[in-house]
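I am attaching a structure below and will ask some questions about it afterwards.
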Amino acid sequence: MYHKGNLYRVFCVLIILGMIISACAQAATEVDVVPEKATAAPTAPPEKKVATLIYTQEFDSLAPLYTSMWFSWTTWQMNNHWAWEFDEKNEPFPRLVTEIPSVENGGISEDGTTITMKLRDDIKWSDNTPLTADDFIFTWEMAVSPANLVATTYPYDMIESVTAPDPQTVVVKFYEPFAPWLANLWHGILPAHILRPIFEAEGTIDNAEWLRSPTVGCGPYNFVEWESGSYARYVRNENYWGTPAKIDEIFIRFVPDDASQVAALKAGDADLGTFIAYSDVPGLKEAGLNIVVEPNGYSEWMFFLVNEEIGHPALLDVRVRKAVAMAIDREGIVRDLLGGIPKVPASFWDALPFYNDPPLTNYPYDPEGAKDLLDEAGWIDADGDGVRDKDGVALELEHATTIREIRQDAQAVMQQQLGEVGIKLNVNPVDDTLYFASYADNGPAARGEYDIQEWSDGPLFPDPDIYYWLCSEIPSDEYPTGENWFYICDEELDALIQLQSTQVNVTERKETFTKINQLFYDQVYIIGLWQDPDVYAVGSHLVNAKFSGVTMFFNIAEWDLVP
Amino acid sequence: MTETADPIPVASFNQDELETPPLTLGQLTWRRFRRHKMAMFGAVVLILLFLYSFGGALVLSEKYANFADTPLRLSSPSLEHPFGTDTIGRDVLARTIYGGQISLIIGLTAVLIENIIGISIGALAGYYGGKVDALLMRFTEAMLNIPEIFLLIVMAKYFGGKIPEINMLGREFSGSVVVIVVIIGLTSWMYLARIVRAEFLSLKENEFVLAARATGTSNFEIIFRHILPNSIAPIMVAATLGVANAILAEAYISFLGLGVQPPTATWGNMLDGANNYLESAPWLWFFPGLLILLTVLSINFLGDGLRDALDPRSRAA
Amino acid sequence: MGRYILKRLLQGIPLLFFISLILFVLMMNTGDPVATMGGRRVTRSGDYERLRRQLGLDKPIYLQYIYWLVGNDWTKTDVDGDGIVETPGTRRGVLRGDFGISLLNRKPVLEVIGERLPNTLILMVASEVVIIVGALLVGIYSALRQYSLLDNIITALLFIFYSMPIFFIALISMYIFAVLFKRWGLPYLPTVGMFDPQVGETTAQILWHLVLPVLSISLISFAAYSRYIRSTMLEVMSQDYIRTARAKGLPKREVIFIHALKNASLPIVTVVGLDLPLLLGGAVVTERIFAWPGMGRLFLDHIDRADLPVIMGILMLVAVAVVVFQIITDIVYAWLDPRIRYEK
């Protein structure tokens, strides 16, 4: 009796304690919730407008040149700039330059190797230092210096020299005429006045404080802090040389789990969600968010390995490849698994209508036609096991892709549909660091172990340039980093690809691409599954937000929050 | 009663009529076990679950389980699909049946591997002592010091994708099942090894061991025929609970995306697939989740009952 | 005692070496860190070669292990790829406290881990406290009121929680208490993160955000701990000295809390002591779901990109913690129970 009473007492004390703590916390959040609502209402007493964005991956670095992560690139529209940026139609417009260099305005030389850029004279860094041609030269020097651990040196390693006849002019001379310059140059500028002294002192800028904490920038926002694992914060740059931004602060929260991101968006804890899965779109729309889909040149493709020595003999025959294309109901997959939101891409240059002209159309879903083609090619089911064969070889193909739910679902459907026409598809889901490992690391895709590879890719958008199918890129012991994992050496294709990258004249280049497009169609080297655009979920309070497939948040200074 | 006039009475009594024959360990355990209501409940449920998974296969074919009827995707439970359909239109009921086979097989075989490794190491360490013991125990400690989930993830990546499909029991399933079984086995033998070693350390000084040695029995026989059967109790309990742990481990690793890969179904990877549909399609996670819960729960009850039944000092009996 | 501690510490060192070797070899084959440096594309071949060389990944395994262990400032490396080895290395190696730099974001490993360690400690210590206090209450009650209706209900509930995968509990509780409660206008809990960035990292915020993750973690361990306490309490309560104490007329409360509990708590110490360092692993799954910026999430993020230095750093840290805690537990155990002495 006595101890039971005591036990109850202990329970009561704990419960009361618990209530007190939660009441305090609740009070704390309530007090803080009020200003939160007020920040969304610009008319309330002097409260800041704060936009919260959710990123499902944390950036690895915030410095230009040092990272290829999409999430890092978005920050260069916040506290940095590209020389020219791209709008929601992915058309270029000048940003740091006065006009986009072209042959007409003398920006591009006759032989196509020299690009002359005229910079605006009013651009400056947030510490009032003017941004001049010297910063461009410095950026190039850092990109090509072997002492720097930059993510990529492309295309700066193709440049012979960058000079500045005066502080507002930058002259870039390439070794060879370089057609893809518009899409690939000047993705963010490094501040020479801060980093050059460090480079001269240490021989590298890898350890510079600015790389991790780029507090000096030239964009509409300034970087303030990045708390690893939690968030990053940007505030409006009061010293901005352009039109000041409307929103006072940008918060970026890192939420790795898709389901958690959706929950947070539905609960109204954020204004923007990134990389939304199609399956979440209906639920988010119901919760009042706007879904914005922005093409970015990427689509999900199946790539065939066509090679006499190491490939499956069936795939050497274009009829078999056509049959595969006709046996899969791609429209059905998009309709059923992807909510009908993207389209099935017919051409690798689907998102660049200029180069996909005349536009290709898809092979129709025609399982009977596929069966006929296979019969014609000599692949018949001689042993009656349901799988076609020829000369004792079964039509069994190895298909591999990385581990993602949508891919696995699609694979299962494809396996079933190909099975109906007598092709056995073996599915191999592989973790992505293993999948994309190189030939030297015994990466299975690089070593040609898969007959059909699948991943999301596109040309070097917004430039149509490609290089995967070059004969010279076939990996081997001598060249283990080769990227032609399809082991395809088609001489005609190879010649065309090499030609287009030198054609600075847009009309000539377009003609080359018409031929390349047609070649891909006739040879069925690739099969398009679905387009893979950027999918954003925009909260109802965030207005004016437009997105580009290249420079994602190009108009972030115009975004606004309304109550 | 046949009583002879023989001057030595004991040997001629008919023992059966005087006392009941001594109970074997098994019978004794069974008696105590029977009284443990929750354990009996657990045992019954487990039997039902096994019937569901393996017997259900006789009713619904595997082809049916893998058949993707995409227009019907994500439909809620109905007469035709009692558990609803999944993201590409496969019948959830059928998938839980076939998934159950895999999950249960994973549980059992992982424990088998775990037991083989754990018993071997524990027995050798406990019996031989000295340097062998020190070395083996250091190794065990080394493995113990790395948290299981870290080891699971690292090993899953190491072995991932390297084993092709296998054909067994008339079913074809992804090689990642073997990978999961191996890595769960490799990461959970340590506790068992310690327990076995402790048992051996205390048992090997007993007289029956001395007697066996005196009669020239080989070490191998002593270990496996004499000492091991006497330490069966903790091994059985650990093995039973190990199955529950293995099934849960499979669910965890599938949630992180590193487990058995679809289209082969397991209860764990069905839960992972349901992650984004918590609200919109609750049948996707409810049924596999319920099945995992029931399985693990009944195994826990069973293990609890076994522990009480086998341990004479416990008050529960 | 001092000699015992020293001896255990010394024994721990070869153990740690052994662990580091096993883990290093395993890690070497878990993927290619350079493969994912191309963002959404495959890394270009020119960059691939250069990055491998700059990061020292083109060296054979044993050499990489040696550099990891003792650094490479005593040798020269070829930084600019011209084949001439002329630049001295800059790493000092683990044995001198330099765990290298992360392959992902080029920050020093210790800094990367140090940023997340306190967050995990907060989460884990809070969970452990809740578990112990809760389990004590429930376990004692269970032992005293054995087989009563409440005892059975609680036991059944706890067993159910114990049998659920943690991510199940986490996701469902997030959905109920954060999303649905808000929709229904009830006071609601936050969905993700350690604090609301707009408000800042205040104690109140952290406590509020701790509720759901701690709930998920504790529910599972409650059952184990409370059953354990229950059984040890039962065992202790049947001892003679307890009967004597009761016979002497000591108040029940004193009997339970002072005499019984003290003796029953010895095995608990062992369990807690061994659990603590494992908690450093940080409830990997919970952190991921609740976006809690701790070491478990760090581990997942970096192993996805095959970031060897950080992963090795985390694993070695955990291993060291486990070894140290095992020694501490043994000492505490010996101190609590005067019957135990570590001779040798």
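As written, the chains take the letters A, B and C, and residue 1 is the first residue of each chain.
Convention: a contact is a pair of C-beta atoms (placed from the backbone, for glycine too) under 8 Å apart; a residue touches a chain by one contact, two chains touch by 3 or more.
As the structure is a computational prediction, the values presented were derived from the model and not from experiment.
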Based on Cα centres, what is the most central chain? C
Pair joined by more contacting C-beta pairs (B-C or A-B): B-C
What's the distance between the Cα centroids of chain A and chain C, rounded to whole Å? 34
Determine the centre-to-centre distance between chain B and chain C, using the mean Cα coordinates as centres, and give it in whole Å. 26
Using Cα averages as centroids, what's the distance between chain A and chain B in whole Å? 45
Shared-interface residues of chain C (touching two or more other chains) are 30-31, 171, 175, 179, 288, 300
Multi-chain touching residues of chain A, meaning two or more other chains, are 257, 259, 431, 433-434
Chain B, residues touching no fewer than two other chains: 157, 275, 278-279
In the complex formed with chain C, which residues of chain B make contact? 138-139, 141-142, 144-147, 149-150, 153-155, 157-158, 244, 248, 251-252, 255-256, 268, 271, 275, 278-279, 285, 289, 292-293, 296-297, 300-301, 304, 313-315
Of chain C, residues touching chain A in the complex: 30-51, 54-55, 79-81, 104-107, 112, 115-116, 119, 133, 137, 140-141, 144, 171, 174-175, 178-179, 182, 187-188, 190-199, 202, 204-205, 207-208, 211, 251-253, 256, 288-291, 293-294, 297-298, 300-301, 304-306
Chain C-facing residues of chain A, complex: 2-3, 6-7, 10-11, 14, 21-22, 24-29, 32, 35-36, 39, 50, 52, 57-61, 66-70, 73, 146-147, 149, 151-154, 157, 206, 211-212, 227-231, 233, 251, 253-257, 259-260, 263-264, 266-269, 298, 431-434, 436-438, 441, 443, 456-457, 473, 479, 481-483
Would you pull the chain B residues touching chain A in the complex into a rising list? 66-68, 70-71, 73, 87-90, 157, 160-161, 165, 257-258, 261-263, 273, 275-280
Which chain A residues qualify as touching chain B in the complex? 257-259, 262, 277, 279-280, 282-283, 332-333, 336-337, 403, 405, 408-409, 411-413, 415-416, 426-431, 433-435, 444
